[in-house]
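Note that the chains take the letters A, B, C, D, E and F in the order they are written out, and that residue 1 is the start of every chain.
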């Protein structure tokens, strides 16, 4: 490994956020009675999403929509496209049933907001500037892959009655107004409308405590991810490998695409992180709603117990090294 | 006070089945329902409930016996194969039978 | 184990009726109660429960049959006209009848 | 409309707090699955009340009780008096049953802490100074109207048994020790005892994040208010008009009284806001307890779905313009 | 739908008994359980539930009648003297008897 | 009383944190409907423990483990030893049954994190420096006394079946991985690994709002403690006296030991506070699990309704005066 990469990995592993994640993993493994209340989990989610949304919106108001639309479109297209190649890989190389392949593919095309936030945290830490409006890419990448994945899966699954029947409408509703999209897009627009002045007023809340809140949240996510570790043996070696290789591949593609779309080193790296990350809240919820036949153990374990920890610890510095290599 | 027999159907299931369930209730003609988040353990593993999406809800609905029958049948056919859940009925007595 | 029949009275009502209800329980001679917040839907609309004051509680009380009777009568006369609520009784078995 | 007023309305509508309120309204209208946990709602309430109480108390310790007592008394009197004219209007012009008229009247004499806080936020934003001890007026205005309203309503309603009978005692207890009064008055006294030094110690909590927390809270309140919009058609045109005209009238009276009591422009405006605002938590709870015969749809819809959004968006800048006009 | 009789055992107890209880359930052979925090009032005073450790939980478990019997006996012998709690059984109907 | 002590007591009583504690006591006594949601209580606990753990860890990384190990060992030994003399006192002078004496003894050997935090708050307020790594002493003192107390009690109690039988293993598990130990020790290690740089990144969360959060938490603790006041008459005069005299004695011993272990005035005072404080969460939970025969009214009332309020209000300045006297 090149010394730069090693250094980046070490810097990442020794950041408070990642160490709290590790503490969470340990807490779950030793079966500590530590447990976050559900209300705290939701509160942290709302906080993190509105904070990055708002800051992203302010950044858009500074940069102008003209700068943002092209890479945002690229992000959207990439998200929608990823299931198109992951589905056949899982279906034919992995021999998964069609609905399961579609469900897993949807997860990897969609994104993990926490992974994205951890990556911006990493960039701050190594003093690498990035386009703050990258939050807009996060916002547009959550839903397209979910819709594509459901369409792929629906051809195979069959809903027997009207409770299941009209789900396409509901999926599109979720894609547009689901909690995380609504908060992100809403806060983005608010930030764009308020501009710098709005940020000055609220930075004691949206900026000052942000990094510490992220650390606390990753403590919880460490526990949540580790609880799924027991399912690793149920998913098979193919999905284990997929959970590490898919993000690496998508990270490369994302970094390249981000670079091509004119982003800075930091921005291209974030693009790679988004492509590499897999959704573990929005996508599972959508799958239970629209493809309830798909086996949740498969997609939850790969997204939450393999890809998420991999990205948080090793992936982020790797995509950073990739972006640096590409840029030079 | 004259009381009237009615059925209470209790469903404990993963939170993500919620919307399907409430739509089913409307479909069979229930007039209301009550629900709350619960933790649980069962054949599909522990559900600690710190993230609603990975947790359980308990749903209770008071209905006429005939509707309970119908509800159970559809739970059996459409929900049991798809979701982590249990369901059971019990006999209760209410005062305002026309409300249910 | 010898068990003894007892009545479980369940009341689901708007949170703001709580104090009235617990006072009614004391008045009819119940020895304890259990309650928790719930979400619900009924004839008076959805109660999502993000603000306790606009939400529901479920209250469960184990009592002697005679007290259950009295409780229901007063719920019917004094509470049903005033609050969004339902109430029902069921038959249960307990080990320590003197506790209730 | 005078350009100043237009400008003030625009400034208000483009503040983060009001935009998050609008986002909440939208979230409810599009039936998003976004929901605040109850614990978060309570936490935000506790935070906002203790924070303004504490800061208000520090301001009292600076200004001296001698300065505060007269306007505080005026506030208390105004709160108690408002039901005396709103009740007959609702009873005879509006043809409402006596208990309903009394219940609605109580709501409009009492106050909304959030509206008050949003108004101080507005003043900060337009750099208009105000008496920080105005929180004391908020504290004394919550209960009197509720007591008056209940007395008005009790003459009409009839409690049939002892569960309902001793409610006067309970109402007075609530008026003195209810959650919001206790937190506000308690924090006021603590602030007054600690003075500036206490504020220095805790401003990283009570001041730094305050505006952002308010924005988050208004996001929730937007959802809560919007959920009641469906009831608008149930309350009739009279109450709809009342929900807008009563605050305008009370705002005028409040601004005038505040001015007369010797407050600055900002202070008089806050006085007007308090008079104009309607309670939607403390008053409904008191009505359910003491006048359970009154129809909650009437008072909740008018206070929460009409008056509250009106004040937050348009009312606040209007009362500001009024105060400015009065002052010049 | 053919339903099968089963027993629902409900236990309301101080939160700190939780671990003992779930171990007891495993010991008597229950296949799952559901629990949630509740507030309560009883002979041992009010339990307001703002601190879980000082509050109550309600635990519900669906079991075969024979197991219910055993569970009650051990609750009576080992738990009632030690913890603030109540327990009761009720008759319910389930669809999949082999699940319990 | 020496004027210095009086002054210290007064300074403590007029700090926001202690005044909010008093407000909580009043709220419970007047039966206000104010109630903290359980999720808020847990959140505040998690925040306070990780914040002091993290800052303590950073302090260890600055001071070096070489400086910390000796006083930490002394702390651990003191914690384990306290039950050895409190048990016979309670058993023979107090005539308590063996399990009850053992249970109460465990509580007084263990520690109250909130009392410790309130003491650091006091030191900050009077500008007295102290070793920030003292958090390490807090971390090592929680469990030993609980283990000792359970061993003392087990000889008397008898578990009749296997549900009760294997509890020793569980107690040791709790002692090592229980919520508060895990958070404290985990955050300590994270802080030590991250060092000053980690603190700079997260101080907007772990430092800025800390004092205000503590004040809010003490508001809740005031309510919780006051709810137990009704049980005072049930515990008897002996335990009442014990609840005040034991902390005074342990405070003296702690201050002396801390001084002997080479700590500064502030550090020795914190040592005294730890010795003097009694656990009211971890120890009761352990007792219910391992000595369910012990009467919770006894240990909860003495630790929570007597010793805790005594320490928060009067004890802390007394131990400070003691440390000053010792140092001069």
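Note that in this section a residue touches a chain if its C-beta (ideal position, glycine included) is under 8 Å from a C-beta of that chain, and two chains touch if they have at least 3 such contacts.
In this text, all values refer to a predicted model and were calculated from it rather than measured experimentally.
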Output for shared partners of subunit B and subunit F reads A, E
Let me check something: if the centre of a chain is the mean of its CA atoms, which chain is farthest from subunit D?
E
Of the pairs A-D and B-E, which shows more C-beta pairs in contact?
A-D
Of the other chains, whose C-alpha centre is the longest way from the centre of subunit F?
B
So how far apart, in whole Å, are subunit D and subunit E when each is placed at the average of its C-alpha atoms?
45
Subunit A and subunit F, separation of their C-alpha mean positions in angstrom:
41
Centre to centre, by mean C-alpha position, how many angstrom separate subunit C and subunit D?
34
Give me the residue numbers in subunit D that touch at least two other chains, ranges are fine.
35-40, 42-43, 208-209
Can you list the subunit E residues in contact with two or more other chains?
36-37, 90-91
Going by the touch rule stated at the top, which chains touch which?
A-B, A-D, A-F, B-C, B-E, C-D, C-E, D-F, E-F
List the residues on subunit E that touch subunit C in their complex, please.
10, 12, 36-43, 56, 58, 69, 72-73, 75-76, 80, 86-91
Write out the stretch or stretches of subunit B touching subunit A in their complex.
14, 16-17, 19-20, 23-24, 27, 37, 48-55, 74, 77-78, 82-83
For subunit E, which residues are in contact with subunit B within the complex?
1, 3, 6, 8, 22, 31-36, 62, 90-96, 99
What does subunit A use to touch subunit B in their complex?
35-38, 41-42, 160-164, 170, 220, 223-224, 227, 281, 284-285, 288-289, 292-293
What residues on subunit A touch subunit F, complex-wise?
14-16, 19-20, 23, 26-27, 30-40, 43, 124-125, 207-213, 215-216, 219
